[in-house]
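Please find the structures below.
Each of the next two complexes has chain A plus one other chain: chain B in the first, chain C in the second.
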Partner chain A sequence: MDPYQLLNLLFQFLDSFAVIVLAAVGLAIIFGMMGIINLAHGEFILVGAYATVLSYHRIGLPLVVAMLVGVAITTVYGVVLERLIVRHLYDRLLDSMVATWGISLIMIQGVRILWGNSLDGVGTPFGSVSYGPYSYSTYRLVLAGIAVGVLIGLYVLFARTDFGMRARATIQDKETARSMGVDTDRMYLSTFAIGSALAGLTGALYAPTRSVGPEFGQEYVVEAFVTVVVGGASVIVGTSMAGGLLALVKSGATNQWGQFIGLAAMLVTAIVAIRLMPDGITGLLEDWRRARRESE
Partner chain B sequence: MSMLAVDGLAVSYGNTPVLRGIDVAVEEGEIVGIVGKNGVGKTTLIKAVMGLLEADAGTVRFRGETVTNPDRYRFEGTPIGPLAASVRQSGLAETSAGGVVDKLVGPAPDVPANGRATRGIGYIPQGRDVFPDLSVEENLRMGETINAADDDPLYDVVYDYFPILEERATQDAGTLSGGQQQMLAIGRALVGNPDLLLLDEPSEGIQPSIVQQITADLTRINDELGITILFVEQNLQVIQNLATRCYAIDKGTIVDELGPVDLSSRETLAEYLAV
Partner chain C sequence: MSDRRLSRRRALATGLSGVGLALAGCLAEEGDGNGGNGDGGNGETTGTTGGDDAPKIAVLEDRSGNFALNGTAKWQASLLAVEEINADGGVLGEEIEVYDPDPQSDNQRYVELTQEAIVDEEVDALWAGYSSATREAIRPTVNQHDQLYFYTTQYEGGVCDETTFAVGATARQQLGAVVPYLIEEYGPRIYTVAADYNFGQLSGDWVRILAEEHDAEVVDEEYIPLDVSDFGSTINNIQGEDPDFIMSMLVGESHTAFYEQRANTGLDIPIGSSTTMAQGYEHRRLDPPALTDMYVGVNYMEEITGERNEDFVDRFYEEWPDAEYLNQEAQNNYFSVYMWKEAVERAGTFDQEAVIEELEAGIEVEAPEGDIELDPATHHMTHHMRVGHADENHEVTFSEEQYIEPSFLHEVGCDLTEESEQTQYEPGEYYDEA
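For the complex of A and B:
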């Protein structure tokens, strides 16, 4: 393999990693920290994409500002849904799945009724970088950097701040957290808002990379759910490690045999991973930690 | 005025009444015990005082402020139809166009548990309930908000009482022994400099020598920091060593109040305990 091919493979890996991490991270926060399986996650991404494209074309905002509007609108959308519906469904896993599935269906059809089957596209910015006989979208490399930045940002937020400490305490024991002065209701709302904002960010960032229609969010749902299941309960460690593993398999297989085999290889890897690690990568790491503690 | 006054408190789980009109008063600086056998409502009482369970009736007042008062909000959302206009005129409540009580005018409804913590009530749950995946230091930081006056956190005091917590500051709390977790739970509730500590069976599942040490530490905390303590307990020795007076509870009602003379008698205490 010549250096250019190797670079090509690296770029494909970074691209897959960015898609997987950005698609999964909002879902991982809402599931990992609140126990809600948000089947409308794809439509949170959809809201981000639509708000970006509409504010870019209809209002004429610069792309970056339109993306920020996309994130803001998805955050507000998430907050409204949490207050109206989701907050009544905490600790009711199946009910929350049915409700969010319903939201997903309503959103897809609602968007189709309001704006038709597709919106005008937004051109991918930044052009491309050339190397030997190959070239690669600079914007997609930027997305990889943003994905890494999001993971670092979330690590800082949840591991290094008082908010993160209180959020982790609330997940571990809601009642005791309340008796320590934590407003757990507000904590859930904040966490849901962060998860929604990240889904909106994904929609906003990927709107310029493909055509935007009512099924836009569904394109990311498979990656998102597979990553959360393989990663396990820990948002940062689980998402980053599962993202790395699945991106490696997907990009390697895609590079050799094409996109279809790449996706199939990723799903097979996920099935094997779930079989070997029922609690995901996080569960496996936790088992190792526990075994090490007991041996000391 | 008592620091804590519980009057006619009634709590039920679904249709099953557990507390049936409890009256308890705790004065500033006291160490008061609630004693009784399993299943008589001790934990329910302490949780209701902390605001972790809703009351059906009665009041809880902390430093004169009513923090539990179910009568005050019982009517919110109640449709009162043709009476709406006269209720609105009377100023008793705000009503919506459909004749439903929106908001009762008057004192705020129940103060939630987090609000009671920030007013200075520290809670040490049964079984400790430290946050297992947070470090010892993070667990202590969680308690900083248990304070009514925004005082500086008492880390030096906590580490003076429980030096092991300083040694294990970076360790995950879930890796501590039962006794160390109890020390952490007390330290966590203490670090914010609370006015009142609520303890739910502090001796449960802890070896006798550690129980003795924790009992002595709690007495010191009361003596040196002036923190008032209300605890529920079944361990006879802990009750005798810690309490200045006790309420005996049975089937959800207070059946006796025990002073120093009663507390010195094992027979009197044993009558109310599962021993």
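For the complex of A and C:
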């Protein structure tokens, strides 16, 4: 294989990894930490994208500022939704699915009624890197960097800070956490807000690379759910490892045999992974750790 | 704790399989489109509009869901035609009523609404559907009741059906305008990217046939699932082949991302298309220079010059000030309503069999695209085909137009004036290159 082809493969892997991780991470937090299956996840991404594009075109904000506005508005949107609807659904898995699915449908049609069938496009910034006969979008590579940054940031937040400790305590044992003085209600709200903000970030970041219309969020749903199922309950380890595995399979197969096989290979991998690891990658790691502890 | 997590996982898996099912539903709709449920077998025939019933047409066009972007203008232009006709005294002195629920881009709903339009509303003519999958989903119902049906989208071609009039341009007409033009302009090496379902596959066949006819070759092709919206690898593959031009028959919102990503990656190879700009007005929606050197074979775009069209565009936006774009299919809906009116008046009755007979006697229409005529044998239109070109500012200009007949169905021997058929012919059966 010539070196240019290897670069192609590397860039395509980074690109897929960024899409998968950014699509999944907001969903993973809300599911892994709170046990809410948010079928409206795609529409959180939609809010981020619309807020970004509208504040870029209609208000004329610079793109980076518009993206920050996108994240902020999605966060507020998430907080309002949590207070009004979602907080009544904690520990009610199936109810949470039905309710969020309804939210998803209302959002898609609502956006269509308010802003029509599509928004004007925003050009992708930065241009491209060229190598031999090939080139790749610089912006897509920057997104891969941001995806890694998000994972590291989340690790620091949940593993190294006081807030993270309280959040995890709330998830593990609400009653005890409460008796130790943790405001669990607020923890749930904050965690949901973080999940919403990350979904909004995904929408904001991808708005300049894809066509933005009412169905924009739906493009991320399959990747997001597959990644969370393959990854398992641990947000950071699960998402990054599942993202790595799925991106490797998808980009490798796409590079060799085209988009159709790439998509199929990713989904087949997910099926096999769920069959072999019913608790996802994190479940498997947990089992290994337990087995090692017992053998010691 | 671990129990709780297990049950969460199970529920998540349930949710995922729900997503999967929904996807499978979409694929089935795209794929075989075999949605006809075959009921309603009361054997009722059509043309039963009694003297006291007001004449009624059905306009089933998507105003929500996946195809709303294309369907909304079709619905708007149909209503404009009906309104103009009614203001001008109606058809045979009667006001036309319209039955127009929103099918929501859902093929199952199309089948139900078609059934309702024919059996309960007893419509005198039916306009329905954007995608080929939709057309094939409702055609069994249409055939069962011998319903006069106008399908107005540009499509892969080949439908030879006694009561169906496919009045949009076919792949052979569109690609026949643009592929030879690009071979002449840029050279003989073609790379095809197309949507992975019946329309895209058959269009890809036509590119290969046209390439062969003009001493060019298709160096590679990729068929891409409809929900793909990241094209990094596709763009790398194209760069690896370095063709003279790309033929793109990509379809839908996800695929639109290809053009932005192409521009951003600096891929400046010209693109030919049969699907871009004239339907989904990408030149208005995307940020320039995404569509630089895009060439599309069309029978109509809002931008074509001439007094007749400018007048039509003015009337359209007067009626629908918030409309997003007046697309090719909307024009096809508009002229075909007038064409139906003309046939009814010649027949002197709304009876569908008599109206079809008049249509098959040959009919000319003064359409916004130019004067065009219906080809009686194939129920298709001879169209004024143009090659629309977008520059780096997305300004559209048109090359010299050609008047192209729907020739493929003649080649396969479709003659509906002689023999009744309800078939769709495919190029693969008649050309080695396909």
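FYI, the second predicted complex is superposed on the first by the 296 of 296 C-alpha atoms of A that agree within 3 Å, B and C clash if a C-alpha of one lies under 4 Å from a C-alpha of the other, contacts with A are read in each partner's own complex, and residues count from 1 in each chain.
Going forward, contacts are C-beta pairs under 8 Å (C-beta built on N, C-alpha and C of every residue); 3 or more make two chains touch, one makes a residue touch a chain.
On a predicted model such as this, the values are computed, not experimentally measured, just so you know.
J.: So if we stack both complexes on chain A, do chain B and chain C clash, or do they fit?
T.: Aligned on chain A, chain C fits beside chain B.
J.: Could you look at A:A169 and tell me whether it touches chain B, chain C, both or neither (first, second, both, neither)?
T.: first
J.: If you stack the two complexes on chain A, which partner ends up touching A:N8: first (chain B), second (chain C), both, or neither?
T.: second
J.: Spot which of chain B and chain C makes contact with more residues of chain A, would you?
T.: Between chain B and chain C, the winner on chain A residue contacts is C.
J.: For the overlay on chain A, what angle lies at chain A between chain B and chain C, C-alpha centres, nearest 10°?
T.: Value: 140 degrees, nearest 10.
J.: Contacts for A:S137 in the overlay, against chain B (first) and chain C (second): which applies, first, second, both or neither?
T.: second
J.: Would you check which partner chain A:T161 touches, where first means chain B only, second means chain C only, and both and neither mean what they say?
T.: neither
J.: In the superposed arrangement, which partner chain does A:G121 touch: chain B (first), chain C (second), both, or neither?
T.: The answer is second: A:G121 touches chain C but not chain B.
J.: Is A:S251 touching anything from chain B or chain C once the two structures are fitted on A? First, second, both or neither.
T.: It touches chain C, and chain B stays clear.
J.: Compute the least Cα distance separating chain B from chain C in the superposition and give it as a whole number of Å.
T.: The answer for the closest chain B-chain C C-alpha pair is 10 Å.
J.: Which chain A residues contact chain B in one complex and chain C in the other?
T.: Shared contact residues on chain A (touching chain B in one complex, chain C in the other): 172.
J.: Once bound in the complex, which stretches of chain C touch chain A?
T.: Touching chain A: residues 1, 4-9, 11-16, 19, 23, 64, 66, 68-69, 72, 196, 222-225, 227-230, 232-234, 236-237, 239-240, 242, 253-254, 256-257, 260-261, 263-267, 284-288, 290, 324 of chain C.
J.: Mind pulling up the chain A residues that touch chain C in the complex?
T.: The contact residues of chain A facing chain C are 8, 11-12, 15-16, 19, 31, 35, 37, 39, 93-94, 97, 109, 112, 116-124, 126-128, 130, 133-137, 139-140, 172, 208-211, 213, 215-216, 219, 221-222, 225-226, 228-229, 232-233, 251, 254-255, 258-260, 262-263, 274, 278-280.
J.: What residues on chain B touch chain A, complex-wise?
T.: 50-52, 112-114, 116-118, 123, 125, 129, 131-134, 138, 141-143, 145-146, 175, 188
J.: Which of the residues in chain A end up touching chain B in this complex?
T.: Against chain B, chain A makes touches at 162, 165-166, 168-169, 172-173, 175-184, 293.
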